[in-house]
Structure formats: C-alpha cells, structure tokens
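What follows is a short report on a single structure.
In this document, chain identifiers A, B, C and D correspond to the written order of the chains, with residue numbering beginning at 1 in each.
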Amino acid sequence: MKYRYQVIPELCTGCRTCELACAFKFARDGKPGRSRIYPLAHAKDQYVPVVCFQCDDAACVRACMFDALRRNEETGAIDVDYERCVRCEACVAACPFGCALVDTGFDEIVKCDLCRGNPVCVKFCPESALRYVEIKD
Amino acid sequence: MIIDSKKIQRVIDRLPPDKKQLIMILQDIQQEFHYLPKESVRLVADYLGMPQSAVYSAATFYKSFSLIPRGENIIKVCKGTACHIKGADLIIDQLDSGLGIKPGETTKDLKYTVEVVNCVGACAMAPVMIVNDKYFGEVRCNRAIKIAKKG
Amino acid sequence: MKIDSIRKLNKWRREIRTQQKAIKTRVLICLGPGCLAGGSDLILKEFRTILKKKKIKNISVASIKKTGCHGFCARGPLVIIEPQGIFYSKVKKIHVAEIIEKTLQRGEIIEKLLYKDPDTEKIYKEWRKIPFYARQQKIALRNVGQIDPDEITDYIANGGYSALAKILKGMKPEEVIEQVSASGLRGRGGAGFSTGRKWATCARAEDEPRYVLCNGDEGDPGAFMDRCIMEGDPHTVLEGMIICAYAVGSKEGYIYVREEYPLAVVNLQKAIDDARRFGLLGDNILGSDLCFDIEISKGGGAFVCGESSALMKSVAGEIGEPRAKYVRSVLKGLHDKPTVLNNVESYANIPVIIEKGADWFASIGTKKSAGTKAFSLAGKIRNTGLIEVPMGITLREIIYDIGGGINDNREFKAVQTGGPSGGCLPADKLDLDVDFDTLTENGSMMGSGGMVVMDDRTCMVDVSRYFLNFLVEESCGKCVPCREGLYQLHKLNEKVCKGKAGDDDLKLMENLSRTIMSSSLCGLGQSGPNPFLSTIMYFRDEYEAHVNEQKCPGGVCKDLITYRINDDCDGCMACLKVCAADAITGKKNEKHVIDEIKCDRCGACYAVCNINAIDII
Amino acid sequence: MVKLQINGKTVEAREGEMLLAVIKRQGIEVPTQCHHEAIEPTGNCRLCMVEITKKNWDGWKKSVTSCLYPVEEGLIVETHNDKLFEIRKTILDLQLARSPHSDYVRKMALDYGLEKSSYPVEPDGDDCIMCYACTRICEVLGKSAISPTQRGHQKVIAGPFGEAPPDCIGCLSCAHICPTDHIKWNDKGQTRTIWDKSFELIACSKCGKKTITREFADYLIEKRELPANYFEICDDCKRQETAEKIGSLVVRAREATI
C-alpha cells in the first residue's frame, strides 16, 4: 500500500501542535528531539507547515559524500543512515528548503522520515491540515 | 638553499606520469639533490595526479628518502645481523666521536651524513661501511673515521 | 637482430658456442659484493691493461671475464682460471702480472695464491675439490660466478632460454603448471607454499589482466642469495618469469628490487633491454603469440615490503602497508587483479625444472622439500659466503663441513636462520635437517636462507633485543599488536639487557608475544616475537643470569660488564687512541689502565687489542 | 545465500558480506574501534577478531578480523572465548599505555578489567589510536588531505609536512568520525580552524548565521553539480522563504477562484 503525505496550508492555524508532537516523537532519555516540521507564517495569521518534500532528485542526497541519505522503499521517504552519517552538515547547507536540520541537543543530523510510515504530526493536527492518504493506483 | 622548481621538474619529467613510478621518481630526485626538497612533494603530486598527502606519506614511509638536506658524503653503516654481532655499533660510536654526529644526522658543514642501513647484502665481509656507494668490508672500528673521510 | 623463431635461437646458440670454444683459457674475476669490496674491479682493469699492452699469443683480452659471486667470499677477491678450475684466492692487484706470466703463459701454478685448508693444511689447486664447494649442488646458482651477467650470449651458451623454447614449442600452459607442481618446488622466499599450486590458482582465476611479480626485496638481514642471483645471472630470473607468464596467461611483469641493491637494478635492466632487443621479451616472444614484458620496480627502503601485499602496494606507487589476505593475492593482488608473486630463487629454479623435468628435481632434497636451497653463510663462521645445497642437509654439515667451523676456533653457540621471523638454534640442534618444516617445528624457520653463526662472545638476550629493535623500526605501524606490542616487547627486552627486569617481566613478555603472534595483521608481526621466543626457549639460563644475577655471560650487555686491562698489556696504546670516552690512561710500553667510571663499555678497546690484554668481567 | 554457524547457531548471509555484518545482525556484541559503515574496513585495531574453523579443518582454528573476512559456506565462527578475550584485553592494555587519558580507550579497557596499563606509559603517547578512520573518510570525500605519515611507532596522522593540508576543505568529517576526539577544531566568529588551517565560514546572507566553509560549499557545488545559491542562506531562512513562496501561491490560488 502506498501513501501520500499531504499538506494543506489553507487549513493551518499555526498552533504548532505538529511541531510539539514531532519533537516528542524523537525524544530520548527525557530530552525532546528537534522537530522536523515548522508551521511558519507567511502573512498575518497565514501559515504554511514547512516539512521535507522527500524530493526525487534530492539536493541532500546529492550533497552527501558518504551515501548516508537513502530512499526508504516502503515509506518513500529519504532516511538518514546514522551508521554512515559523519555529521558534516553538507545536506543542511544544500537543502533548498532548509528541511535537513542539526539537532544540537543530540548533536546529530535529522530530517523527516514520515515516522517510518505513521506520521505523528498527521495524527495530532487538529485542523487535519496534514494528511497521509492512501494512493489507489 | 632553495632549489628552483624548474630543476626539480626536469628530473620528474624523466619518467612517465604513472602512479607506479612514484618511488622511482622520488629516488631520482633524491639522487639529484641528495634529499627531497619541500617543493618536490607538490610537483610530484601534480605530475602524477595524486594527493600531496599520499606523496608525503611515501616520502616519510620509505627510509631511503630524506626531507632534510644531507651531506655531500653519505656514510652508511650496515646494521644487519652479521654486522651487528661483528661490531657495527663500534663503528657508529667511532663516527659519533670523530664526526660528532649520530646516525640520521648531518654535520653542520653539510659535508657528512651518517646513516644506519638494515643489511645491504654484503654479510660475508661484515662489518660493512658504504661511503658514497663504495663498499668497505671487515672494517676495524679504529679505521672507521679514516674510511669515512677518505671515501 | 630479432630471434623470432626457435630455429633461429638454436642456430644463434651454436654460433656462440663455437665462438666461445675458440678461447682456450678463460679467466673469471668475481665481482660479487664481497670481492668487489676487496678491489676485484681494479684487478679486472689490471688484467685488461697488461694484456692490451703485451699482446700475448693465444691469450686475448676476450678471455678475461667478470662474473657474479663465485661463493667463497671469505677468500675473496677470487680469480678462477678455467677450464683447469685453478682457484686463486686473496688476490691483489700486484699479483696480476705474475698470474699472466706464470699461469696463463707458462701454465705454472702460483702456490701462495692457492687455498690451504686451515685444519688439514691441504692445498687445493682445483676449486671443485675444496670442501666449501665439493658438497654443493647448484641449480638456482648454476650460472652465478660462471657467466658474465651483462652478456646474454654467455647465458645462451649455457643453455639459456632453451626451457622457454621447449614450452613454446610443445607444452600447453596446464602442462607447464603440472610440471612445476610435480617437481615439488616450494616458495624459496621462506613461506614454502607450493609454487605449482599458486600458479594453478592464478591460472584458473577469471579476472583479467594477470600479473607476474618477482620478490627481490630480500629484507632479511644476513641474506644475500637473491642479490647474487639478480646481479650474477639476471636472465634466469627473466626466463623463469616468462615461463610463469605463459603458464598463467599474463602480459605484464614486475621485478621488485630493494633500494639497497643498485647493482642488481643495473644488471637486471641490462638483461631486460637485451632480452627485448633479441625478441625474448615484449610482443611475440620467439615468434610465438606470447606477449609479456617486464619492468623493474624499485623499493624505497622498507623491510615490510617483502610481505606480498605490501610489495604490491609499493609496486602500485603506494606506501607498503600490508592488507589482510583473506582473499589471496593469486585472486586479488596487484591492482586487485590475479597476481603470482614468487621469490627470485624460485624463478631461478624454473628453467632447470622445465629443462630436466619434474622427476629429476623431485629426486633431489627430501620428499616434502624438493630440490636445493641457497644459503648465505655469515657471522662468526670461517667460510662466509654463498652456497647451494640439497634440502635435508644438516646444520652441522653446512656450518662445519662447508662453513669451516667457527672463527679463531671459538665455541659455537647458536645459528640464526629465517631473519627477524626466524629463530636461534643451539648446539644440540645442529643435527637437524635443513628444510621447510623441521626448523619450523623447532621454533626457528629456514626462511629465505640467511644463516648467521654466533659464538660464545654473543649474548642471546642482546640478539633478541637487536631483532626486536629491527622490527620496531621496520613495522609499518598500521596495526596495534605490532606497532605497540613490539615496541613494548622491545622496551622490556632492553630492561632485561640492563639487568633491571624481574621474572614477572619475562612472563609478561611471553604473554605479550602470544597476542602479537595471534593478532597481528601480517607476517612481520605474526613472526616478530620468534627471535625472542626461540632465544628464551633455548637460552633461558642467559635470561635468568641477566634477571637474577645481573650478569651477561656473552659479555655484551653494556650495563652488566666491565672492561679491565690485564698484565699481558704491552702498552701499544691502540686502545687509548680508540677510546671515545678518554677513559684509558698509560704511557708507551707501560701497562694501561681503564677508568671504570668514565668507561661507557662501548667495547672498542677490546676489539682493537690484538693480544687479548683486556678481560670482560 | 551462504549458510554458516555463529556461536553454535546456523545463520544465513549474502555472498560477499563480511562476517562482522552478520555477527551484528545476530545482536552479538563484538568490540570494534576502526570500523565505520561509511569507510572501507582495513583491520587496524584487531579487536573484532573471531575464531573460525570448518568441519574439514579437523580441529585447526584460525583467528581473523571479522570486519574483513568474507562469509563462506560451512564456516564455524566463535565470537567469544578465552583466546579472543586475551587478544582484546592485551590490545586495550597496549592502547592504555599509549593513550592513558582517552576516556574512549579507558571505558573499553574497563570491560576487560583493566584500570591501568601493565606497560609503562609511553612518553610520546597521545589519544590517536591510529584507526585511520579520519584518513579513510577524507579519501571517500575525494580529497585525501591528511594521511598516515612516518612509519612504525612514530606514525602520525597529518597533512604534508605536518602543516596546513593544502587539500583540506574544513568539512570536519575527520573530527566527527574520530572515535577518541583527538582531532581538535574550533569555530570562532567567522573562521574555522582545523589542522592549523583556517577557513572562512559562509554567513547567511539574510541572518548572518554561520553554515559550512566556503571551500566545502564550492567543492559540493562543483563535484555534485549543486546550484551555488542553495549555499548562500542558512536553513532557518530557507524554511521561512519556503513558507513565503508557498504562501504566495496559496494567496494567488485563492484570488483566482474568487
């Protein structure tokens, strides 16, 4: 089964619950992780949740000299292989959308991996501005 | 004593630009200038299309290369097994007291360099000294200085 | 003129042989490393200048021939006159005129130049009868000392390249490999792996291209057989490699020669150029479709490059750091392609095996170690030099019957074989057969053939320290057990030499040695502790003397001995002049005194005193 | 697929895989120092050694580094026994003598009951355990700015002549991958210094936040054909820009429907 992650900016109220959920999803030993999704205002009371587009010809994959960013076949997301990543921040500098981030708390590179096919931000978005819809081909 | 890079380049150009020539090229440079001038590491790296660190690694890994200027006369004392038990250390001590330098060092006036070599394959006439590629066999320690200076 | 067929090669061989028959007497002047140091090049020049001046009938300049090492280095410089086999030893430039006049012109023998056996006082005219030579059997060294290394015609006249012709005419590559396997030839570099099996594995490998490499690194201190073959008979190495290339299907070969052998590089390069010129190397060798060329790859002064994977890195232009050989180099070697790497002496045997057949070769030596082995005799032995003897001969025969026993009739203590990977064997092991397996079973190893004999004036703890120091200097430094382990083992060994070590140190050294041997990445580390383990096994009493009584029985370890002048001193002042620490005082013809505080026990005085007036306490 | 036995349990592995990967998949803890997924194994630290044998070897055993030993049909592997414990303990013991102040080494040595080295501490010791992770990662990067220099016990990782490596682009991969944090670097203000070489960090054209070095960016732009302007602004400002771009599309779309 294939899913598509949908963002509908019009519904986003900027409540940032998704940001909170994401940060706690990646919490470790009591410390919250860094959120991979950022609802940002582009005008007064107008928000757009900015999150990784999992691009086809991704700049981050291209910039990674150590082949540590790879397409996950099930989820379709680009995952960080922490066994290979040496934290050189090439991806962070290269991503045109700024969706490869440095988690300074855990001192590692993070990006959205669609919670391995069960995105927590979709669950918690009160306005269902974030959706994870099944694709019937 | 700066050696102009054109001279070094001329020595480098004698061999084809193939990575397997690295050691031979470095030896030609060593033969020509008695040591590897600092400039040569970059020139060889460019010539062979190799990183400078790889050339520098080889220059420091292989003991026949020296990155510091060596004396006109290279005095080698063999320390193979046969030479060791027949008194190579005595020769080294005599050279140290006579020329004031220990193995690996060069006299201030850049005339002499003393080096220790691990076996040159002339064990039949141990202990062996080599002064500028000329072999001297069964060297008695009290003649070491004479041999070193006479060459 | 290109020899582009086997017919032409045979015709050329006949022409050379008829020309050489025309020269009645041949004067062979040995230019091996030992004789060269004794000035044999000046002797050669002297012969030529006198003969040119005098134009003596039937003795032309052509009959003077320079050769590689003839073997009996202790008696060098050597001049041999064939076909009579007259053996003139310790020849000086002044003797040349006399040799020409008396021996060459009038056929008289110059008594004083002949070899006199110090024990039996017997004088030998003919070198083949001298005990040093009599028991030898030369296969790899068959031409060394007989031919001029720079003359391809000499090699051809002695049957050179006939083995190559034989395989190109009628043998399939598999048959060549089958012959080499059946001969029982094992790697002469010391590992003793079956050469035939190595070639077979490489021939079967699918990957292309394949390389044929010759290991001329010979880093073992005390070994100089490969040097004498490369300098004395370079063509046999080339022929062996070409035959191997035919068998495994290779087009590209390298001879890796260590940096300390410049003359070997010169002679090999001359041989390669000649072989190319005459169509014996390069494309369509002898008109066949075999194309194979050889290049010399010079070493840079690193013992570790004798190890196969490090050697291949060095040939490729990288630093000589070995790699794990779980995938053997016959499958993934130079540039990760199938590569055959054999030792110089192994290749030197190949042409003879092909020429005379595998059964003939297998009948020599022992069942598991076929053929002969070249040894370099050095150290405190009377007849230092280069020999080749059938496998299975005992250490005693080599050291006493051939080697003439110990210098100044001192007492034999140990013989070191196998270089830094080998060990030291005591007197009660002298009757062991010398072959690939027996010495290994007794804690040493035949190795590449270096044999360093030690007398009672050698300290075995110091020998172990010497080898560990050698290995600490030559370790490539890549893996922990060798870089750090041998460093600490050497430090502990120095502590024993200084008399500061305790029994627990010896135990720590033994445990550490086990880990170094079982966990090091390459042979250097895996066999590094052997010299220590073999000396503590056979000479534990010496270690205990250093540890418990702070004494050095061999009188070598500086911190545990004192030099004292006894009453035989005649005041010749030799020791006073040589003492670097100015610790000796005394007037001419009066007994001298050593100031035992100032003295740093370097041993120079003891070495220069000719009348044993100095005691070691 | 290849069948082999690890600590008595039969497992399957892919042809060409290394033993260590299979052992790790079984959840078995084998100590490693110089192993890292992004670089080729070289077998420097020897800690991952395991003992192998086969039915037809009639009892003969061999210890090999599992990071470099390819899987073989019918291989019988033992990852922990007295001999291997002794090897690992002695290696860490030796490292304690060379790097007495390295927490990384001390922590590993504690697992083998070693608080202090049984060998005298080396005067010229430092925290570098010579695992070559830094030189190899720099090689994978394509620069090989630093390399193992000298030989034997004097071996040291450095740039040519121990000076600022001409090929270094300041990406810090070596510093991050170094298990003992022996490679020192610091970012102060506009410049980053590592291996005695200083670099200019790109400052975000909008907010001034420092990102990567100019040399590193140029290298990525050229080597991986990335548009240069991606590197001119920091990730925070890029997210904000993305929001604004999408926002403006949303506004235009809404106006179009009215």
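As a working rule, a residue touches a chain if its C-beta (ideal position, glycine included) is under 8 Å from a C-beta of that chain, and two chains touch if they have at least 3 such contacts.
Keep in mind it's a predicted model, so treat the numbers as computed, not measured.
Taking the mean of C-alpha positions as each chain's centre, the chain lying farthest from the centre of chain A is C. Here the spacing of chain A and chain C, counted between their Cα centres, is 69 Å.
Separating the CA-averaged centres of chain A and chain D is a span of 26 Å.
Mean C-alpha position of chain A lies 61 Å from that of chain B. The set of chain C residues that touch two or more partner chains comprises 302, 319, 473-474, 476. Touching of two or more other chains is recorded for residues 54, 57, 61, 63 of chain B. In chain D, the positions touching at least two other chains are 148, 150-151.
By the definition given earlier, chain contacts exist for A-D, B-C, B-D, C-D.
Residue ranges of chain D in contact with chain C, taken from their complex: 42-46, 49, 63-65, 68-70, 83, 86-87, 90-91, 94-95, 97-98, 118-120, 122, 129-130, 132, 148, 150-155. Interface residues of chain B facing chain D in the complex, by the touch rule stated above, are 38, 41-42, 51-57, 60-61, 63, 67.
Across the interface of their complex, chain C is touched by residues 18-24, 26-27, 48, 50, 54, 57-58, 61-65, 79-87, 89-90, 93-94, 96-97, 117-126, 128, 133, 135-137, 140-142 of chain B. In the complex of the two chains, the chain C residues touching chain B come out as 33-34, 36-38, 73-74, 76, 218-224, 227, 259-262, 297-303, 314-320, 376-380, 384-386, 416, 419, 450, 452, 454, 458, 463, 466-467, 470, 473-474, 476, 574, 577-578, 580, 602-604, 607-608. The part of chain A that touches chain D in the complex is made up of residues 9-10, 38, 40-43, 46-48, 50, 59, 62-63, 65-68, 81, 83-90, 92-102.
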